[in-house]
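Dropping a structure here in structure tokens format, bear with me for questions.
As written, the chains take the letters A, B, C and D, and residue 1 is the first residue of each chain.
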Amino acid sequence: MLDYFLTGPGQAFTRLIIYLVAFLAFVGLNAAYLVLAERKGAGWFQRRPGPNEVGPAGLLQPIVDGVKLIVKQTIVPPGTDGLLFRLAPAIMLVPAFMCLATIPYAESVYGRSINVGLLMVFSFGSISVFAIMLGGWASRNKYAVISAARIVSQNIAYEIPMLLVVITMLMVTGTMNLQEIVGQQAGGFWHWNILKGIWTLTNPLMPMTFVIFFICMLAETNRAPFDMAEAESELIAGAFTEYAGFSWGLFFMGEYANIVVSCSVGTILFLGGWQSPIGVLSGGAWGLLWFFAKMYLLIFIVIWIRWTFPRTQFYGLLNLSWKILIPVSLFTLMLTGALLRLPLLLHQLF
Amino acid sequence: MNPTLEQLSQEFTRLIGPVPTAPAAPANPPPPVQVVDFAVRGVNLDVTVAPGQVVAAAELLNRHGFSIDTITGVDWLAEGQMEVVYDYLHFAVSLRVAVRARVPRDHPEIPTISLVFPGANWHERETHDFFGIRFVGHPNLTPFLLPEDATFHPLRKDYQP
Amino acid sequence: METPVNAPPTPDSPVPPECSQIVRFAKLDDLLQLSRANSLWPLTFGLACCAIEMMAAGMARFDLSRFGAEVFRPSPRQADVMIVAGTVNKKMTPAIKTLYDQMLEPKWVIAMGNCAISGGPFVYPGQYAVVEGVDKLFPVDVYVPGCPPRPEALIEGILKLEEKLTGKRRFPVAKLKE
Amino acid sequence: MIPPKEITYAGGGVLSAPPEESFVLNLGPQHPAAHGVLRIKMTMDGEWITRAEPVIGYIHRMHEKMGENRTYAKFLPNTSRIDYLAAMHYTHAFVGAVERGARIEVPLRAEYIRVITSELQRIASHLVGWGAWIMDLGGLTPILYAFDDRERILDLMEHICGARLTYCYYRFGGLCNDVDDYFLQGARDFVPYMRGRLKMYRALVTDNIILRKRLEGIGIIDAEMCRRYGVTGPVLRGAGVPYDVRRAEPYSIYPRFEFAIPHYPAGDSMARYLVRMDEMEQSLRIIEQALDQIPAGPVMGKVPRVLKLPAGDYCYAVEAGRGRFMVRIVSDGKDTPYRVKLRTPCFANLSPFEEASKGMILPDALAMLGSLDLVIPDIDR
């Protein structure tokens, strides 16, 4: 029986369980420490020390915050939709775990290598908007309802350019398996998808595609300057206004888990995943190192943007998507298609 | 284009017309239109009008491009009167005009000028709050700075909490 | 005016000693209090002059964030401590009571400034607007006097609240030279 | 109440009949964008505002009543608590009104120090307003930089009068104590420092495309609307009217100094923003000139032991951080005022909000609210 799960056909199942448990711990701690990183980062941008008194250099701060949130009273305010209100935080967090299970962190460190990995990441990644919408709707709070309405229109607007970018990437890579996508980018940073298109003439607009991806990612994860859903100075705490204690903590965690997922996908699609930037020092633990270095670099940029820019206008945000990002990403899509077909066409003609 | 002090005081004199002398009036009643020294009083023109004339005064100043500065009340308990003081200022010329009107204390009513200067709306509500002076024709004369259910007028001199 | 939830059992408390030994998970309780003390999230709630000093306490020079207390939450549901920074008047009373009720347990109140403590300079015989101290409305844990108190005083108030929770002081008190 | 009329929404839609599914959003009294305890009752059609009615009085502190039942000197500390961000200006107005009524001469050195501290206060006040406004717009960092600069000013103020916010530094006939070289040198050093910082703010914040998109063309209050509502201060100058009490009703020794009155014709939030930024530079100019000219001498004039104003009323207006602040003292010849009227700028500046916010989307309305730079106790008094 045990052999079945350890060495036999059930090995994949065991692997998945181990990884899910590991991810749970990883995401939890990662979210907590990303919050600390965010607060420290904010302190750095704002010329102040940031949390530094709780534990050595403030390292215990996220732990005590977590403990406090867990033991804080939680209530379901009267008149709310109790089921949806309780369910929404879980809906926020679980899809993020599912996404993380498919992501290859190194050559041999991945939860499950599936052929439609990219599709799975994006299908589960879109669920978080439902969570915020349901949470906001169930809260019976006007600010929360406004926030729910905002998040839906915002996410629909940004899902489209995001998926157009992903389709472009699919045309270039020809596979949905994340492991294979990383494998194609081996051998130095000029082989990464972000730069490869330029000198192989498959898509000279690839850096721009990456920028579009990054903007969409910020919008999808509700980060500043697109934090319409939480817009603290307008909507109190947006959809989470009525959430308290641990259920609010779950939302928070889910948000940071989504950032991790998005930055991981960005790393895999554009920045060569676990590949070494210089060609050497690759494989094994080095892969893990490179992957996390790239991912956290992206996360750092996300934090940097948050503490630098003011919030955009809401209709400005929608205009940006519908009037600029979607046409541009459609154009890159067609250009990539044309460039990919061109050699074949030339071959057939002559 | 811009009003001058003489022009204004003439127009005000015409607006007020002859002042009916009450039998118990003091021997030397102050003239209704006074040009005063700005360095001493902080206004250039001090006008006293009848309560019925405040709207006409506001329209006159509105024509000349004045802006509403503030409206306030003063409770003259000993004389049994309440005074409403309208302050006006001009953005282009250095001219300040104060328009006063006295209403009886037991029946404090005066027409509103909030249709001439919408900014007067809030000042009148505040004056009503503090002194209980009713501005006839005011669209929304409800407690403003005081709690919604307040019925007292704290700046009256005989107010006891 | 103690908040009943976190009151440490005193020798003369009505709970019989054997009972308190059974129900009280001493170590866990201490740990939880330590966590709470180190993550006091204030409610974004400024009333008057003191609110500016409260903001100043969160700014770079004084930096409340060192103690993990810079997370000003605008929603009372997520806040732990309400810093009443300024004068409370009678029109505001229902709103501030609602805010206190909307905060979830465990919650604390810091009365910052003389106005919140007693009505401050606005109290005179026959006054008609000011509530003479927020402790008439709900229990207050720490009083920070001043008009307005300096940001250091507010930080000291927060440390006092921590002391109330954990029973220990974070920093030793500097002795005044005679 | 404004009679219902056709509302044009931001974005082009037109509403002529009352919307069928409107709801009331109660913004405040505790709301992060209200800068205190302002409450705005908003009737919303989706995210569009059909009517926004400010409800005030949540921090009414009876200043005017208190003025009536205490002597002039005892009322003096109250003046720095009306608008605590511009305490110097408010004390200046009250002190000025009493000096005008009692014919007290103020020594020249005291006037110079008043001007220096007033202008420092104006910079400090604009810095807080600026930072808090950008925070409303979602930019969380500038306010910390603004407070950093402000702390430098506060240190200087604290050095001369011992308080950080509520100074009560001016007295009838002069000042409560003289300044020393530390203060003068500190003020002198502050001028080039602040010039450098303003340059940085322009590069970091003013030129930011997101900020410009959020402020340009938003919340237009034109000159005519300002006139009808009695709006003053940076809001009025942002509507293109170069009205400044320092020029229009010269007080203290302001006529001695050269300074420009920045004004921008657009009338939108960006114009008000630029006015404030330029005003800080002008204040630095005034401080520089005053520091160069400051004479030696006493800082306290001859003041009668028991201060009584002759019967009559006396007005004195100053240009406070947020606009025209006027004190009207009605005296009946006793040692307490018969009536103290405080004409505060924020009260008048908020009143056009209802008319101007019609048809705006919620975030824009809050951006505009921030552009008015309100201090709520200043409205409620």
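Keep this in mind: a contact is a pair of C-beta atoms (placed from the backbone, for glycine too) under 8 Å apart; a residue touches a chain by one contact, two chains touch by 3 or more.
Given the structure is predicted, the values throughout are model-derived calculations rather than measurements.
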Inset, instruction - Identify the chain pair with more contacting C-beta pairs: B-C or A-C. - result: A-C
Inset, instruction - Look at all chain centres (mean of CA atoms) and spot the one farthest from the centre of chain A. - result: B
Legend entry - Distance from the mean Cα position of chain C to that of chain B, given in whole angstrom: 47
Inset, instruction - Using mean C-alpha positions as chain centres, tell me how far chain A is from chain B in Å, no decimals. - result: 64
Inset, instruction - Could you grab the centroid distance between chain A and chain C? Build each centroid from C-alpha atoms only and quote it in angstrom. - result: 38
Inset, instruction - Take the average of all CA coordinates in chain B, do the same for chain D, and state the distance between these two points in whole angstrom. - result: 25
Legend entry - chain B: positions in contact with at least two other chains: 146-147, 154
Inset, instruction - For chain D, jot down the residues that touch at least 2 other chains. - result: 31-32, 57, 60, 62, 65, 144-145, 148
Legend entry - Multi-partner residues of chain A (each touching 2 or more other chains): 46-48, 232, 236
Legend entry - Touching residues on chain A, where the partner in the complex is chain C: 39, 43, 46-54, 58, 60-61, 63-65, 67-68, 71-75, 232, 236-237, 240-245, 248
Legend entry - Contact set on chain C toward chain A in their complex: 31-32, 34-36, 38-39, 59-61, 63, 65-68, 70, 73-75, 77-78, 80, 104-106, 170
Inset, instruction - Going by the contact rule at the top, pick out the chain C residues touching chain B in the complex. - result: 90-91, 126-129
Legend entry - Interface residues, chain C side, partner chain D - complex: 43-49, 51-53, 55-56, 59-61, 74, 76, 86-87, 89, 91-92, 95, 99, 121-122, 124, 126-130, 147-148, 150
Legend entry - chain D-touching residues of chain B, taken from the complex the two chains share: 38-43, 65-70, 72, 74-75, 85, 87, 89, 91-92, 94, 96, 98, 117-119, 121-123, 126, 130, 139-140, 143-147, 154-155
